[in-house]
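Per-chain numbering from 1; labels A, B, C and D assigned in written order.
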Amino acid sequence: MSVLTLQDAVRRAEAGMARAAELGVDMNIAIVDAGGHLLHFVRMDQAWLGSIDIALKKARTAALFRMPTAAIGRISQPGGPCYGIEATNDGLVSFGGGLPIIDGHGRTAGAIGVSGGDVQQDTLVAEACLAAA
Amino acid sequence: MSVLTLQDAVRRAEAGMARAAELGVDMNIAIVDAGGHLLHFVRMDQAWLGSIDIALKKARTAALFRMPTAAIGRISQPGGPCYGIEATNDGLVSFGGGLPIIDGHGRTAGAIGVSGGDVQQDTLVAEACLAAA
Amino acid sequence: MSVLTLQDAVRRAEAGMARAAELGVDMNIAIVDAGGHLLHFVRMDQAWLGSIDIALKKARTAALFRMPTAAIGRISQPGGPCYGIEATNDGLVSFGGGLPIIDGHGRTAGAIGVSGGDVQQDTLVAEACLAAA
Amino acid sequence: MSVLTLQDAVRRAEAGMARAAELGVDMNIAIVDAGGHLLHFVRMDQAWLGSIDIALKKARTAALFRMPTAAIGRISQPGGPCYGIEATNDGLVSFGGGLPIIDGHGRTAGAIGVSGGDVQQDTLVAEACLAAA
């Protein structure tokens, strides 16, 4: 299991905040380690308070399942194969904005969770965090 | 109430792990007694961390209702007779992968919960645990 | 209610990390707003995972009561006037390391929570965050 | 962070059960990874149901703080420096029976939690698990 450093997390969050500023939306950005434990968090000044928990849970969800949160959403709909999965693990988030950080050996080093805009905006900011390796 | 021994649970988990290896998916396997209390648990080395809680809750759900978790899923959909039931009992899981262990007298001796693959894979592994009586 | 900015929180966390480095202990530092909502969080690379939640709860406790967490501890002991208060508010922390941030008009702008060392070390780091106005 | 395998955890649990049998007490034994996530669990057939959760929490506590649970107990007493710490992290256990597994490089690879006897018995069984490297 690769280790994500605080320095790395700060750099990723800064890239995400720069992208959020371009989009004109204040975001919450959470970065967790491979075990889903919080490493770094920033709330931009006008971001929704209700998005703090969503960002935290998106990051944790993406780490615990080593996949984007949107992939969980594709199986968790009513009638879908994993309907209700959000109620496990003290609460998961199954819409976009959470992305795992995969290292060069295919191992999950941690995950990013972004919340504050619409799902497309959240995903763009999470992708900016991911690209800032 | 029939009594499931640890020895029995270990044998069932080993059968499940052998089936999981055939399927090429690392699984979490939880086995509980008739009261839903944890008896035995294994996490195969690459299994998702987020599936630990799902395996535990599938086993507990199947024991508490003495039916497969997938049967709960058929009544818990929006508009269904037990919509929202997952939020009871500190969290149930209502998709496949949880199976009760019924003894020769029709009594529930415990239950198996498997999580780590897709629902079909989870169910195949749970069935392998069940067959290993 | 005064407004604590992310920029201010980052500067305080950096002062805290510098103090922690002097003390030779890796810390978790959480900064919340006057409503107790998370604004900024850092985990230094070797900090205890169990201290993440303690840092978050210390900051939240100090904000919600506008007093140092150690002051809560003086009234929460067995036989004390608020014995058991820690079980309220989804969990408070009543030992040192949480400090409110008071502005020049005596208003609470937010709070700092530090955890990772012994209580004296945690308090020294929280004080460094506080002094970095 | 070192990685604890299921095979290693099973061998440690077996050593613990052998020691428990010598002591004549049925135990719950939980083994978690360095992030506190469950890897393996066994409940011996006559072990208290109420000790399941204690074993799980002892293992998680020892992993999250990288120290024996008894060390937490020395600081968590009324009037002690960390009174009330048990209420953090969704519940810690601060009496003996939880031990971290430290690898040859001083890194925490996981932890063991044992519950079912008195604290001395629990500790002896946890030590047997630890020695079974």
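We take it that a residue touches a chain if its C-beta (ideal position, glycine included) is under 8 Å from a C-beta of that chain, and two chains touch if they have at least 3 such contacts.
Quantities reported herein were computed from a predicted structural model and do not represent experimental measurements.
For the pair chain A and chain D, the distance between C-alpha centroids works out to 32 Å. For the pair chain A and chain B, the distance between mean C-alpha positions equals 29 Å. One finds 25 Å separating the Cα centroids of chain B and chain D. Across the assembly, chain A contributes 3, 35-37, 90 as residues in contact with two or more other chains. Interchain contacts give a graph that is no line, ring or star and is not complete, per the touch definition above. Here the touching chains pair up as A-B, A-C, A-D, B-D, C-D.
Within the complex, the chain D residues that touch chain A are 1, 3, 33-37, 90.
Of all residues in chain B, only 3, 5-6, 10, 35, 37-45, 49, 52 touch chain D in the complex they form. Within the complex formed with chain B, the chain A residues making contact are 35-36, 61, 63-66, 78-79, 81-85, 87-90, 92.
Chain B contributes residues 48-51, 53-54, 57, 73, 76-78, 86-87, 91-96, 118-119 to its touches with chain A in the complex.
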